[in-house]
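What follows is a single structure, written as structure tokens, with notes after it.
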Amino acid sequence: MFEVLEFVAVVTAAVYGSSLAIRKGMDLVGVACVSLACSFGGGTLRDLFLGRHPLFWMANDHYVAVVLAIALLAARAPQPLKRLQPILPVSDAIGLGLFAVLGAQAARECGGSYLVAAIFGVITGNFGGVIGDVLCNEIPAIFRPAPLYATCAFTGAWVYLLAGHFGLPSVVAAPLGVLAGAGMRLWALRFNITLSAVR
Amino acid sequence: MFEVLEFVAVVTAAVYGSSLAIRKGMDLVGVACVSLACSFGGGTLRDLFLGRHPLFWMANDHYVAVVLAIALLAARAPQPLKRLQPILPVSDAIGLGLFAVLGAQAARECGGSYLVAAIFGVITGNFGGVIGDVLCNEIPAIFRPAPLYATCAFTGAWVYLLAGHFGLPSVVAAPLGVLAGAGMRLWALRFNITLSAVR
Amino acid sequence: MFEVLEFVAVVTAAVYGSSLAIRKGMDLVGVACVSLACSFGGGTLRDLFLGRHPLFWMANDHYVAVVLAIALLAARAPQPLKRLQPILPVSDAIGLGLFAVLGAQAARECGGSYLVAAIFGVITGNFGGVIGDVLCNEIPAIFRPAPLYATCAFTGAWVYLLAGHFGLPSVVAAPLGVLAGAGMRLWALRFNITLSAVR
């Protein structure tokens, strides 16, 4: 179950990265690199910051193959990926919730406080996209006014952490956190809940 | 004493990051993330490059809370922060000198040469701002002609290193380095000493 | 022999970084920092991702001095460097091939699969330039349509890996990989072989 969700999240991030790179007029190398950055950037920062080796994508190198395949598909035969379009917001929300909880969990295991763990939820859930945006020479999308995104990862991480704090076992707390993060994201998309630009 | 200075430096970097992000039209998430990057980016690079764990902000998580509070204040109730404006150049200079010495010290402890240690002074003292600028899609301010900045961190680090080399104990060499870096920065600001653009 | 090639590669990357920074109107600090990023960025990512310490430029700090000297020369007395111009494509191709093989080798030693090792070839061979471009607020050159570059590092890494896989000793496989990467790059430059932008 968990591995299915992670797979879905990696694929979704790769599709996001590919279309971002294509919009910027990149070639296949750019599409592949931005896709890898979007899919693995957040987890790589998490692992580096926590001193965990091997990095998760080195230990799961089928993910590398999957992301490269998606980049190739997006660049050369984009029709099948276009059919995924309608479900991307949902799969992206699931990935957001999942990585937020995984990040928070990893930080706790390394002795981080709740606040630090919630920050790791945001890093793991959102900073792949931040790195992808930076590589595309754009201000990161999650820093600009738009439906809540990083806020949902932060919230999902806190739900997971507080559920654990109040005694729920991890098998309950983790899905709760994923659901909270993903649900909040879908709610923000549906009702266009945004943080406004600071004036 | 040392901890007071470090606190001042972290706060100053957060104020710098907040105002940078606000100028770019970011929302609260962007303001918080850029502030965190400016405050912790340099020390994080230092710790990663030296293989030191936990990262200093994970071991001092009250700093995370302080930076987030400043970002929130800057975004929602900026009046009190505006009153800090006049002292920011001074507190920033102190932070520059302090982090330059801390960076050089850390690199020496890990076996780096004097030259490598001086580079770590610059990384620790200046690269938080570099990361913040990159996240805001700007050429890093310290790379462009303006009153000396990275040069002051480099100088402060060398003063610290040479003072130690010539036998001064660390309790003397470290404040000397901080003073040299901070003093040079204030001197450059006062008399508008710049490096010109390379033609 | 190997050390001569590595020296050539570091110098070439520093010359590339310097001229990039100068074109962007940076001052001496910017020129030095972008040169360091171009020369050491790829190897630093490799070492961080693999958890190897000390970073290669900390263990070889004469490289730091060389890069700083080149930055200073480029900024203040560029004539001698300009005379290097005609051989830069060749020395750059050699550096590309060399770092691709070194990156792949390091990843294999740390237990990475062939695919992961090939990715490390690209990271080590090309991502110094990517970081330099990002610091200069440009879309990385290797992501845009232009004569094959990252593709050559990828190919060189695979040639090295497959040569080893089919039983060739490392003293044969490594030069083969370097030659393949460098040769392919020169071939792509000569005949203007590019990947087109994805439409």
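By written order: A, B and C. Residues from 1 in each chain.
The working rule: a contact is a pair of C-beta atoms (placed from the backbone, for glycine too) under 8 Å apart; a residue touches a chain by one contact, two chains touch by 3 or more.
Small disclaimer: the values here were computed from a predicted structure and weren't measured.
Visitor: Over half shared or under half: which fits the residue numbers at the contact of copies subunit A and subunit B, same or different?
Guide: Different: fewer than half of the residue numbers at the subunit A-subunit B interface appear in both copies.
Visitor: Taking only the C-alpha atoms, how many degrees of rotation bring subunit A onto subunit C, rounded to the nearest 5?
Guide: Angle of the fitting rotation, subunit A to subunit C: 120 degrees.
Visitor: Based only on mean CA positions, could you tell me how far subunit A sits from subunit B in angstrom?
Guide: Their C-alpha centroids are separated by 30 Å.
Visitor: Mark out which residues of subunit B touch at least two other chains, giving numbers and ranges.
Guide: 48, 51, 134, 137
Visitor: In the complex of these two chains, what residues of subunit C are touching subunit A?
Guide: 48-51, 107, 110-113, 115-116, 119, 122, 130, 134, 137-140, 142-146, 149-151, 194-199
Visitor: Report the residues of subunit B in contact with subunit A in the complex, numbered from low to high.
Guide: Residues 21-22, 24-31, 33-34, 36, 44, 48, 51, 53-55, 57-58, 61, 64-65, 74-76, 134-137.
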